[in-house]
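A, B, C and D label the chains in the order they appear, each numbered from 1.
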Amino acid sequence: MFDYKNIKNEQLQSFLKGTMSETLGMEIVELGPNYLSMRMPVDHRTIQPLGILNGGASLALAETVASYAGNILVRKDNKHCVGIDINGNHLKSVRSGFVTAKASPIHVGKRTQVWNIDITDEENDLVCKARMTLLVIENK
Amino acid sequence: MFDYKNIKNEQLQSFLKGTMSETLGMEIVELGPNYLSMRMPVDHRTIQPLGILNGGASLALAETVASYAGNILVRKDNKHCVGIDINGNHLKSVRSGFVTAKASPIHVGKRTQVWNIDITDEENDLVCKARMTLLVIENK
Amino acid sequence: MFDYKNIKNEQLQSFLKGTMSETLGMEIVELGPNYLSMRMPVDHRTIQPLGILNGGASLALAETVASYAGNILVRKDNKHCVGIDINGNHLKSVRSGFVTAKASPIHVGKRTQVWNIDITDEENDLVCKARMTLLVIENK
Amino acid sequence: MFDYKNIKNEQLQSFLKGTMSETLGMEIVELGPNYLSMRMPVDHRTIQPLGILNGGASLALAETVASYAGNILVRKDNKHCVGIDINGNHLKSVRSGFVTAKASPIHVGKRTQVWNIDITDEENDLVCKARMTLLVIENK
């Protein structure tokens, strides 16, 4: 699915300079044959007042990784993706370390894509499960 | 619903120091009789690579304002709220200025709360519509 | 928005013959200037084992009314709508009578539409709040 | 997880008499060690006006199977589950035969449960993917 042997993390990371992803400390972990994963620190940049990961930061990560994955997939066809909607369930609270989000395709259509995003902590427990719908648009 | 005449913005804002909200530039706008609104800048802190507001930043804001509102509502009863799930539709892209999120209650129950969050831009157009479910828990 | 003065309930109802809507007892209530409402009985056709309205019946009604509304809106342009995704929160249980769903547009775009659906009982209390995303497609 | 060797399909099916499930033709397929599956016909009971499965019927099935699974899981502890919210993406249209929904747990907590529901057609293609949140309540 992905041309993952020819796309380097540094390339993918470089597009995130000067964006929300950089602000929150998000980093590309791995582009695999059929997934993209990114991680995010649980620290002052991403916590809420009680000192645990803000669920909104999980959604920010989920949306970023799914949108990025969708766009990587269609750019060779001179298309791009825009996010239509997203939903997520919060399953575990996290106080430190990194969380990692892995986006995997549920549906890759001509007009829409649907992605599953699993966010896990360093003990590999599920922190958040999200699903995102993208609209595929031809570049002008 | 809210004791809004006796709660000052500075108080509410002070709890957000050293958290994701501060990182992304979120500010309390107003606690009203039955709503809480916060705003967030559209700049390097919140955009995605194409220069528009990252939809994930919208969700981060939506989750923050709804969770905060729910917690303000129950803390006098020695309870707190945790986010269970959230969903949002992206409706318009934004390139600059501020977006403002207003959280209004759909359902305030003993066990759960459900909030609507409307995020609008400076032209008052709807940018994102979200719904969040909170679980109400007694403090130990 | 809708040509509601020239579209009769009987016309709208007639399309539902021999479908799930008829099976569950759904009826057109009113096509207004900017909404469509339908009602559904709470009886053996729609309850779950405890004798209350099956939340799944609420979703079935919500999806039906929003999809119908979206299709009414675009058919004059030789287009049709298909449902991409839906979400709903259950807020109150109902044991008898009718529930009424009202679909109102949140966003009417060229490529997508987003609808809010409020389902209320005979006391006008909110039973379910749903949001549905439709894809707009040109007829061939 | 489930005491699946001692619970018979006929028992599970018998609770659905005189409910929406019977109206729409839903049948228990299998209670496994960690899942419950049910099927539903695609016919006049479940289609929309264009002759394809009404997406709302998919949601009705998804909600039924997840709620049933959650309740089976907690009844030995003198508890029951109520549906808080559900979401689903529609991925493929179906014109005939049966669709089968399989509910698998994402999270089984003391206060809440979260279930994934995959609905597939007779070619084993994914028709709908849904996620449901249940609240766990002690019986009085």
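Couple of notes before you dig in:
The rule we apply is simple: contacts are C-beta pairs under 8 Å (C-beta built on N, C-alpha and C of every residue); 3 or more make two chains touch, one makes a residue touch a chain.
Note that the structure is predicted; figures quoted are calculated from it, not measured.
Using mean Cα coordinates as chain centres, the one most removed from chain A is C. When the C-beta pairs in contact are tallied for A-D and for B-D, the bigger tally goes to A-D. Distance between chain C and chain D, defined via averaged C-alpha coordinates, is recorded as 21 Å. Per-chain CA centroids place chain B at a distance of 33 Å from chain D. Rounded to whole angstrom, the centroid-to-centroid distance between chain A and chain D, based on C-alpha atoms, equals 29 Å. Annotation for chain C: residues 84-85, 87, 89, 114, 133 touch two or more other chains.
Residues of chain D touching chain B in their complex: 84-85, 87, 111-112, 133, 135, 137.
Of all residues in chain B, those touching chain A in their complex are 15-16, 18-24, 44-49, 54-57, 59-64, 67, 82-90, 93. Residues of chain B that touch chain C in their complex: 87, 89, 91, 106-107, 114, 116, 126, 129, 131, 133.
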